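The same chain A turns up in both complexes below, where it pairs with chain B and then with chain C.
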Partner chain A sequence: MDFQARKEANATVITLAGRLDAVTAPEYERRVQELVNGGDSRFVVDFDGLSYISSAGLRGLLVMAKLLKTKGGQVRFANVKGAVKEVFAISGFNALFGMDESVAAALETLS
Partner chain B sequence: MNMIKVEHLSKKYGDLTVLKDVTVEIHKGEVISIIGPSGTGKSTLLRCLNLLEQPSGGSIQIGGVNIMDKNVDLPKIRQKANMVFQSFNLFSHLSVMENLTIGPMRLLGVSRADAERKALEMLRLVGVAEKAGNFPDELSGGQKQRVAIARCLAMEPEIILFDEPTSALDPTMVSEVLSVIRRLARDGMTMAIVTHEMGLAKDVSDRVLYMDEGVVYEMGPPEQIFDNPQREKTRTFVNRIRSVSFSIASLDYDLYAMNAEIEAFCEKQYLPRAMRQNLLLLIEELLQIYTPYLGRTALEVKVAYSEKSETVEIICESAGEMANPLEGEQMPDELGLTIIKSMTDSLSYQQADGKGKLIAVMKKLDK
Partner chain C sequence: MKLDVTRYPAMVERLADANAFVEACAGRFGLDEGKQFGALLALEEAFVNICRYAYPDSSGEVEVACGREGGSFVLEIADWGSPFDVLSLPEPDITLDIIERPIGGLGIHFIRVMTDCVSYRREDGRNVLRMEFAAAA
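Up next is the complex of A and B:
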């Protein structure tokens, strides 16, 4: 998994690539925790480069959402597609999270 | 009536045991197909039946005569149990007609006129009468094999032994030979056929012998062997199951190394990309539900693909007593099980003989 974070005007954009699975989910949780500890509370997660997600990856996203809830923060997901979108649909994540078709649209929604 | 009775037949080549202990009877008018993986002794069994191979032990009786008796009339045995070979074995320097008449004239004492009349009759039966004056090299593979069958019939055998009669043929020529064999079966000819043509074995046989490990591993009517095989190796063979297995002994298993092996396996089976993705996800989720137990139990994971039904099964076998992992009591949530259920057509777990066995049959892709 490749994890990149950049600051935009009103949120932090996390760009993911590769796989979010049992091996990489702990790292995802750790990196998000670091960002939140650093004061970030509004996020857009860009799934454009993510080709695979398993339940372990979904749990990482849930951990993030719970963490932000305690801080009064927010997260939106952008570019969820292909196999990842299917897993989201199976597990009901489509209804749990705010989804947007692009990072720009997600940032717009957050503002 | 028993035409052939084989008891405790064995055949060794030095230290190599090809036939361990074969016992089988073939009745008059019966068609037996002998199937099984390469190198399991199918052809050797057939060749022992007319002493092209000398058995190492056991007994063979043909029509009540013990053919392993030192004083046996070998040409007579080979006339009774005549063989059709994979590579035809026609005499290339003789015409088709001469190939058919030489045996009856020399071994049965038949006159040339009678032998030629019979030869023509047999050539008509297999549809190559117009080639009577040709030489084998002027014929196609299918025609050569039909001539070989006619030559065999001209000897008026009691049983024909077919040793992979279509293996050396181009696919386009297989059907012409198969239709001749089917016709002989309809006419009541006693036949033992070693074949890789499962369609033929299913259609024409009264009984099918599945050979493996140098024995008749399973024997039964074609409906049993092909549709409801009773033993595992038979099932693997008839369903053309290819598999890859992994042993997982601790929590520190290498998921990515396993994924790479599964990808290579899928590549070999030409499984579509989307199916591979689903398989990798399903396996990861199955391993996740076993995670709480992995420190205490060794897990064997087998991915089995059936070419026949185009289905993928994942079998997880765990040693020792453990709770049903599908009940998910040890899991933090239902996410993994939800994914597993959505990706499978059937999912079961059984505990028996100190082992737990989970079988997940993957959903096929929508076409």
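Up next is the complex of A and C:
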């Protein structure tokens, strides 16, 4: 998994690539926790480069969402597609999260 | 037909090795892209379950076997832990919201959804989860 974070005017954009699985999800959770500890509370996660996600990866996303709920924060997901989108659908996760067609659309929804 | 077999220490860090083994095997079979994704997802869920729960007091191994049987791609994942049928676990409630959602429990759901046929057997002191993926019609 590749994890890049950048600050936009109204949110932190996390760009993911590769695999979010049992091996990489702990790193995802740790990096998100660091950003939240640093004061970030509004996020967009860009799934464009992510080719694979498992239940352990979804767990990482759920941990993030629960953490942000307790802090009054927000997260939206952009570019969830292909096989990753299918995993979202069969787990009911597509109903749990705000989903957008692009990072720009997600940022606009947050503003 | 005989399946290709490899054993790994039951450690999550070895998932990438098991993944590469099954991916190559599915490639030789000619499994289509969608089914291959499903097989690799089912592999991870079963492999990780064994790493986390099969050997609570010791280290152990996972055996991964795959290959062609008739018209199907077969994937069998075995451990030498106490008798346990992962298919006996209840289906998760996938309609709960973020606060109510338990963290975990989705893995077996993915195994059920991604396979065309799945079964458990206890054989020679091993738990064997057998998953079948039909070739595209």
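Note that the second predicted complex is superposed on the first by the 111 of 111 C-alpha atoms of A that agree within 3 Å, B and C clash if a C-alpha of one lies under 4 Å from a C-alpha of the other, contacts with A are read in each partner's own complex, and residues count from 1 in each chain.
As a working rule, a contact is a pair of C-beta atoms (placed from the backbone, for glycine too) under 8 Å apart; a residue touches a chain by one contact, two chains touch by 3 or more.
Here the structure is a predicted model, which means the values were calculated and not measured.
Aligning the shared chain A places chain B and chain C in steric conflict.
Touch criterion not met for A:109: it reaches neither chain B nor chain C.
Of the two partner chains placed by the overlay, neither chain B nor chain C lies in contact with A:74. Of the two partner chains placed around the shared chain by superposition, chain C is the only one that A:66 touches, whereas chain B remains out of contact. Once the two structures are superposed, chain B and chain C can be ranked by residues of chain A touched, with C on top. When both complexes are overlaid on chain A, the residue A:41 reaches neither chain B nor chain C.
Of the two partner chains placed by the overlay, chain B and chain C both lie in contact with A:21.
Comparing the two complexes, residues 21-23, 52, 54-56, 58-59, 83, 87, 90-92 of chain A contact chain B in one case and chain C in the other.
Listing the residues of chain B that touch chain A in their complex gives 255-256, 274, 277, 280-281, 284-285, 287-288, 332-333, 335-336, 338-339, 342-343. Those residues of chain C that touch chain A in the complex are listed here as 12-13, 15-16, 34, 37, 40-41, 44-45, 48, 51, 94-99, 101, 103-104, 106-107, 109-110, 113.
Chain A contributes residues 21-23, 52, 54-56, 58-59, 62-63, 65-66, 69, 83, 86-87, 90-92, 95-96 to its touches with chain C in the complex. Across the complex, chain A meets chain B through its residues 21-23, 52, 54-56, 58-59, 83, 87, 90-92.
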